[in-house]
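In what follows, subunit A forms one complex with subunit B and a second complex with subunit C.
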Partner chain A sequence: MPVTVAMVSLASCWGCYQSLLDTHEALLDILPQLDIKFWHTVTDFKYKDLESYKDGSIDVGIVEGVCRTEEDVHILKTLRKKCKTLISLGTCSTYGGIYGLLNLTTIDQALKRKFVEAESVQEPNIPEEDVPKMLDFIVPNRKIVDFEVFLPGCPVVSKDIADAILGLLKGELPKPPVRTLCDECPREKSEVITIKQLKRDYEGIPDPKKCLLEQGYICMGPATREGCGALCPKAGMPCRGCYGPGPNVIDQGAKMISALGSIVDYESISPEELVEKVGDVAGTFYNFFLPSGIISKTVRKAK
Partner chain B sequence: MGGNGEFEPRIVGILCNWCTYAGADMAGTSRMQYPPNVRFIRVMCSSRVDPQFILKAFELGADGVFIGGCHHGDCHYVTGNYRAEERIKLVRKLIEQLGIEPERLRLEWISASEGNVLVEVMNDFVKKLKELGPSPLSKDKE
Partner chain C sequence: MSKEIVIEPATRLEGHAKIVIKLDKNNKVEDAHFGVTVTRFFEKFVEGRLMERVIRIVPRICGICPEAHHLASVSAVEAAWGITPPKAALKLRDLLLQAKTISSHALHFYALAAPDFLVGPLAEPQYRNVVTVIKHLPDAGKKAIELMKIGQDLCFLVGGRAIHPVTSVPGGQSKPMTEEERDEQLKRIDRAMELAKFTLDLARKVVGDYLDVITKLGVFDSYYIGLAREGVHTIFGDATVRVMSPDGKIVADFAKKDYLDYVAEHVAPHSYATHIFFKPASYPDGIWRAGPLGRINVADKMETPLAQEALKEFRDAVGRPCHATLAYNWARVVELVEAVEKAKMLLEDPDIVSTDVKLADVEPREGNGVGVVEAPRGTLIHHYWSDEKGICTKANLIVATNHNIAAVEKSFLVTAKQVFEDKIHEKLKLPEPMIKT
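And then the complex of A and B:
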């Protein structure tokens, strides 16, 4: 008997489903075992198709993306009712993702920026008719409904998806992370890492073998969980932390600030220089994590 | 809130064991008065203060967070206070971006013999927080 599956996309870039399709040959093992009941990303399903299933009648639900509108909340809650197991696919669904940076501003300001102030706008007009109501702030999906499985990543590495789905078909849940990204990164690290000079990503060409932090690039490795196989550092790009916090960490950004404080050479870089060089502290350390952080959104009062 | 309806800020103070906590001890044994708005927590070193502690204190509604450590060069663990300074200045910028006034997070170096400095700093901090008003995350109902 194939496993029945329903898949939904909330506010997202659809990249995680792209990654699912990228599993290539693993699809040959996966697809015959699945009976797809709902996937409005690829075919013309309507919400009533999902709503008409009996509660708890679908085995697995997969959620990609974050709730930005009331429509998203509705579809997420509906899916939870219909499914026995719910999988959170990708960082947006798990932690709030890059959309979460909108929590640094208010939705009114964001709409104004997008539809009125943007340089390409010719007829400023904030759409109000026939659009679902926007939520004031982004809340991670886990605060709206319960999930059984979390697969973070932006996007989730295809192998992770295939392993998780094949494991789930056998009744095994994916193992929680036990290490940070640095543990699986192949770059050479000294016993004691010190940063003598901070560099932005575009400055200089990094040595292909040495640890990026040691070379002065802000790499989120120490505060990020393992799982992706250090894809970005291997390619010479510092980690931005898309896999979310490492084991036993509550707040990824705060932990990275802590790690940076430990390794910056205070004789070469003063605290003021450090703050100036990092610039956008929230954007750098909470690139994918802001809605799940201890302080998850701006508390600035509207002027 | 104070008894007479005046705003009384709540401050979480995290003090290093070797300098500022000893300074607070000295202020106490010398019977110096400082405002009762602050609740002190002792840690072994100012670099023990994880940025998560600071964010948590604000999230729970603290109007101000005070970190006290040894003067530069005096750290019992040699470099702890330098590490703390790098972190806390980053956190100040972070809370500013999140809409909390950076003045609500204060870092001071106070040695074991400077009980009077601790008293002055506390008086000043409470005064500044009263000017700022309750934290945007304050749990007190207005």
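And then the complex of A and C:
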């Protein structure tokens, strides 16, 4: 008998569901085993349908995205009530994700920029009629409801989604990570890394075979969990940490700052020059993780 | 007593919205609202970020078309810093956007739109989806998946990832294409052509079956917007932004950097997505439509031969400008054919395997820059301000779908009047659906 599934998107980009579609032929294996009860981008079920299901009657719920509005919180809580197993799909849901960078400012400032100050806006006006209220801050979804499974990634790579869903259909939970991104990166690393010069991503032409961090590009590999297969370093770009913290790491940004701090040659770069070159501390080290970081609470207190 | 019909959420679209139709006691339609129920404030949280990182942040605006955001973004940064990347890098970027157009148009046609026509508008809601299509028309379902895969695999090859690409940096691309990779893709692009032709035949059949519906339901006059290169349909590169008036005249053909003279946003109190319109015509008269129908209307012709044939057939049937909302789906398939032909042309271009894809010396500078490309769903504008250290100080984004929000709302108003006041659904000629549920 097919497994009943409800899939919701909170504030999201749909990239994690696109990644599910990108399992391509595997879809033909996966789809017939699912009885979809809600998936607004693909099927025509409405919120009233989701509300009408009996509590605990749906086998698996999948959550993509994070709560930006009060409506998102309502949908997340509703889904939790209806589902036996809840999967957190992607980094937005799991850690707060990239939209969490807005926590560095206030929602009022954001509304003002978009609807009042934007250069192309005529007759500024903030929407308030029949629209859900914005929350003040982004928090990871686990602060709102409990989950059984977390699959981080921005997006989660297709293979991880297919493996997780096919595994769950057999009653198996995905295994937690044991390595960092560096461990699965094919770039060559020296035994001891020392950085004499920091580079912005557009500077120079990086050696295609050597570790990017060793060449002075800030690559989040040491602070990031394995899983994606080191896609960005393979394409010549530093990891931005989208898979979230590596095993036994509590704060991804703090871990990376500490890793960087221990490999910089301070005779070549002074601590002041280092901070100057980094240019954007929160964005560099907490691109996807700000709402889960220890720093996030400090930012909130300061307001 | 007056009443409201609320459809919540709007389904088979990416993003969050609800539809509210207000009827008076005599079932006359008073108003229709299309309310977008969330926004994420990218224009605010890119402030303070390094410009080269903004290029990697903004793809998260849309997981279906992240390539378009990546490319509009890198173009804006390069414009702000006064950089011209090597020509091979621009060709790789063009190829990336064609690849995305292939997979997104295939996804949109088969998964988002086709169920209405193949399963039929009167089928029970639980069956009106692509899962039903795959179950009942497995051959078409497999072909749809194969076409999406070819597009997404090419996105992966050029962009470094199939979703949220990373390879565009100020000054070029981080990764050249090898000859082996090119040869492999060339083999697959011929198969993509067969699949695009199959899709065009399917679209043609569906259009023929539903011609009465397409030419009568939700039809209304509007302006149209899209990129063109000397009048020829294009989605990337050197091009101007063309605007067509409701009576079919080209009323503007402007440089990307001048968008603020022509493009404006109206804030509707019931929607977190603004209504974009043609500024010289004011709001609401200047409401326009973007995306496949907008681009097809503003273009004098397509760039590639098979797509041009398909456009001619389209125009012979529904004219230019075509104001039929449901003709979007046909226009999309005309563009799908062009994307496949264009991808093949780019893969056959010797420059595509050049290793000269990135400048080694790039310096940030203070300034602002505009980047415009055609995302699958419409004209996409990124405008950034950079300080002398290359940190983003401000951003203004006009995202593809927003061009259509006002027009979508108007489509609902027009259609609701036709349905509730004229009972048009009882009069339209509907075919037997291809899939019987």
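To be clear about the criterion, the second predicted complex is superposed on the first by the 296 of 303 C-alpha atoms of A that agree within 3 Å, B and C clash if a C-alpha of one lies under 4 Å from a C-alpha of the other, contacts with A are read in each partner's own complex, and residues count from 1 in each chain.
One rule holds for everything that comes next: contacts are C-beta pairs under 8 Å (C-beta built on N, C-alpha and C of every residue); 3 or more make two chains touch, one makes a residue touch a chain.
What you are looking at is a predicted structure, and each value in this text was computed from that prediction instead of being measured.
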First (subunit B), second (subunit C), both or neither touched by A:264: first
Subunit B versus subunit C as contact partner of A:169, first or second or both or neither: neither
Contacts of A:193 with subunit B and subunit C, given as first, second, both or neither: neither
Which superposed partner A:285 touches (first subunit B, second subunit C, both, neither): first
Contacts of A:104 with subunit B and subunit C, given as first, second, both or neither: both
Subunit B versus subunit C as contact partner of A:31, first or second or both or neither: second
Winner by number of subunit A residues touched, once subunit B and subunit C are compared: C
Contacts on subunit A seen with subunit B and repeated with subunit C across the two complexes: 104, 280, 282
Partner subunit A, residues of subunit C touching it in the complex: 7-16, 20, 33, 35, 37-41, 43-45, 47-50, 52-53, 56-57, 59-64, 66, 107, 111-112, 125-126, 128-131, 134-135, 141-142, 145-146, 148-149, 152, 159-164, 166-167, 169-171, 174-175, 259-260, 263-272, 274, 276, 279, 283, 358, 360, 362, 383, 389-391, 396, 398
Parts of subunit A lying in touch with subunit B, wherever the complex brings them together: 104, 250-251, 253-255, 257-258, 260-262, 264, 266, 269, 271-272, 274-275, 278, 280-282, 285, 293-295, 297-301
In the complex with subunit A, residue positions of subunit B that touch it: 47, 50-52, 54-56, 58-59, 79, 82-95, 97-100, 136-137
For the subunit A and subunit C complex, residues of the former touching the latter: 9, 11-19, 21-22, 24-25, 27-28, 31-32, 36, 40-48, 68-69, 71-72, 97-99, 101-102, 104-105, 109-110, 113-115, 118-132, 154-155, 158, 200-206, 231-232, 234-237, 240, 242, 279-280, 282-284, 287
